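In what follows, chain A forms one complex with chain B and a second complex with chain C.
For the complex of A and B:
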């Protein structure tokens, strides 16, 4: 390649990279600037009124936290089981099949999880819109994220740890509970944080299963006990509310949602970076 | 999420020992549960959509251009066209930019800067789709309206708007997985090429890029899977007008039609019709049929992507 062409080529790629980052910065800045006026402590601790044009988002926030906490409670035990199956209990072929299944699972569009929840939980089980239905559906959705993150770490536990444990006469289940799981809990935590970040921002799965726009506070019981949720709130307001009061609050709500999602993502970052270090240490594992 | 290649597993430690182990039982139970869910999802949509396939015939449902539930006519083609058009726009815009950014990150940036860039981009991938949708409603829609004014559009809600928004949304996916694929090519290959006197650019284009091709294709397919399945952001800017089909396929019509409002499989599923349909078995079956079509599309794309990743991993392991 000639020198001029070389310059143009790399200049173009640099432009692409800068452009990709600029889009991100633009999104963040647009949201912060527009939402700043409405953003205050009051906004976080007051209930919304006048269809989102006044008040705050406390119950939307509470609803979202309830949903993701439920999702976590559902997903963690199953993810531990699946990760142990992938890394310890299944044979090579079975493990490969399970990996493929998890990859496909991760690709399933979120709206189909919602449809599944609508059929099985909302209609068949007769729960109606319920926080539990939403939490279960979100838990199903984030299951692959947790599982793969944990399984990667179990696979990276240095071989000598397990050999030492076996040398001490520990049974297989003791090796799993005393060596493999404690050594890889970071993978579960980072996977959980990533999964929660995704669950917190998803609208499609809770559209039919859990979320309403108004008229709910904290749920009591399971049947017909929907919650308000931050992404659903934004979704509804984005469709039809363009009066100024609602618009500012809309952006502020979007900012809170982004902050929540980024917060969870950033928390997981140190843990994820450490994985790479350890994997390098464990080299020949 | 990448498809991790089967790494060294601690399983070898337990070979030949098959005692009753409560954790093993629980673990296998979790597998059964997972299998039941996947089978249940496919089975449920297949069984529930049966009346629609019977009513319209497989070809009639897939290729039918009219969807009027009161007249009991269910043709999915306008939604399939919308999904394909929107995803195609997104891919055409996002893949070149993402590939360029990935080349820059992988071939030019020092490790620290690369990590910083990847962190920013992965955070971007985490921005909830409803926020992208909000930006689409309040900014992109007006820009597109102005841009399309020569075509005299009814509003800024068009397939094209949805495609552009989707492109922004899948850009992080394309970039970060393309970068992974490019980094997967051994440094020795680059050094050998440079040692032969090739420039950086030629090395990247003639040595690195061809070897990373399966991984790059997988990155594009993964992004395509996302685009096909995205609901909320598209929902907000596509206009959701039913029964929009190009009159002829062998002309510029399918392209021109993207400057008008339309409907995708996901926006139809996300709309109020899904709630409405439950009481009417045939109508519900048609909705479930749309879900099945969507699942089949995304499943096929994801599966091909997974096989490419595996092939790419094997390639990297050999070299």
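For the complex of A and C:
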């Protein structure tokens, strides 16, 4: 009886796992098969032409990298501050409220962030479509993910470390910089990855704020300096183009986007390990 | 929060050191700790002479650790606790406005039950308090201070070739000595030890006991233990912390260690108050 239940449980778990992997693999395979004809080194280093039916995606790729780098540059420092507020500085009630706000924030549909950027940055501040507006909006969007991920790591630092450090005469802010943050930096990296994967793929937030389909290369300045971006490129090709060359390029671009997110994940793996090692070895004397 | 303490005439014998001449290193006067109206420690009077080892004996959960944490104000970290009475370190009251608790904690060292090793190298662990703590120590002094502290706990020979390695590679006994070195690097006059051997094997435990004996004299040690044998081996005097009326811990006797541990007197004391 008990073993039977055990088996059913195990079987269900395995089925779910296999199912999830199969869906993922299916999408990946479909993407590769349909885009294979367009995928080449040239595709990565050449600009697109003929409304995406010819050429490559170099500026879309560059635009996406600019957007996510800006988003991270904005979100990381703010997330550190918010996570410390939640985990260290605010009292129990304040922290619970801020946490709730962060969860609600995380649930806000991404198009609302896009509209916010349109109204405040593009129109009111008069930036026009700009990589900075898009990066800021994406940064706002991924902020709760980073914050919660870091705050959870800070909360997980055993209390005995804090006690031992305070017992050596460290002030509270010194405990934050010398004990809590070095031990929870992995949480920040994990959160950044999760956020970044989302930021790289979202179309809605950059639709009104940063992305154009053609006519942009690398931005120079802030005002009226839009960028091309991979998700928006895919979106437009999927919607509008009947050209067979465009369809192949659409799938190839989708594959590059997947590979980009996956590659950043892989890249950050040794970074996460190294960060740990650094924390362990300190700076030496 | 300061209450008037009882006059010298009617204070129990625990409140004075043997000769009563010099200023005690640590003196508790009517120390009570409340958690939301319930007393954890009640009206503790205790004086620890400069240079001695005093053991606090008693059943677990009676408030021995709380008592210890009052002496370096680590108790401030616990939310919702109310400390009343006075604690004097070398004659200076420490629960008064104007006392910097971070400086106090750098002066009064503490060793915990479990060795707490920071995830950095052996060397960085030893100088952790010097580098990040309340006293700013010049960088160039750090290696020398670290070596002195490691020699004092007998760890120098074992680790001198691997100072850059993670401290987590040390055995638990070595880690506890490393923690002691980390405290000693701050050159405290008073060291509090909260059951420092309870996580250690007997041999490492004896090493810590021997170190305690070697450290006393220039330094005053207060050692919490539930092991009367350990008290017999290291302590000059021992105090019995036992639950008083209402369950709050109180010091029921404080005398020469041999007297307290003779002929089941400790057991009597403990049973007496429980009954």
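The rule is short, and it goes like this: the second predicted complex is superposed on the first by the 240 of 285 C-alpha atoms of A that agree within 3 Å, B and C clash if a C-alpha of one lies under 4 Å from a C-alpha of the other, contacts with A are read in each partner's own complex, and residues count from 1 in each chain.
Operating definition for what follows: a contact is a pair of C-beta atoms (placed from the backbone, for glycine too) under 8 Å apart; a residue touches a chain by one contact, two chains touch by 3 or more.
Not measured: the values here are computed from a predicted model.
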First, second, both or neither for A:118, with chain B first and chain C second: first
Touching partner for A:166 - first (chain B), second (chain C), both, neither: both
First, second, both or neither for A:152, with chain B first and chain C second: first
Touching partner for A:257 - first (chain B), second (chain C), both, neither: first
Partner chain(s) touched by A:198 [first = chain B, second = chain C, both, neither]: first
First (chain B), second (chain C), both or neither touched by A:178: second
Set of chain A residues, in rising order, touched by both chain B and chain C: 162-163, 166, 171, 285
For the chain C and chain A complex, residues of the former touching the latter: 72, 74, 77, 102-107, 109-110, 112, 114, 116, 118-121, 123-124, 127-129, 132-135, 139, 142-143, 164, 166, 168, 179, 182-183, 186
Chain C-touching residues of chain A, taken from the complex the two chains share: 160-171, 174, 178-179, 182-183, 276, 279-285
Chain B residues within the chain A interface of the complex: 1, 3-4, 6-11, 13-14, 17, 19, 21-24, 26-31, 33-35, 37-38, 40-41, 44-45, 48, 96-101, 103-105, 107-109, 117, 119-124, 126-135, 137-139, 168, 171-172, 175, 199-202, 205, 222, 225, 228-232, 236, 266, 269-270, 274-275, 278, 288, 291, 294-295, 298-299, 301-303, 306
Touching residues on chain A, where the partner in the complex is chain B: 1, 5-6, 9-10, 12-17, 19-21, 23-24, 27, 30-31, 77-78, 80-82, 84-85, 87-92, 95-96, 98-112, 114-116, 118-120, 123, 140, 143-145, 148, 151-152, 154-157, 159, 162-163, 166, 171-173, 175-177, 180, 197-198, 200-204, 207-208, 231, 234-235, 238-239, 247, 250-251, 254, 257-258, 261-262, 265-266, 269, 285
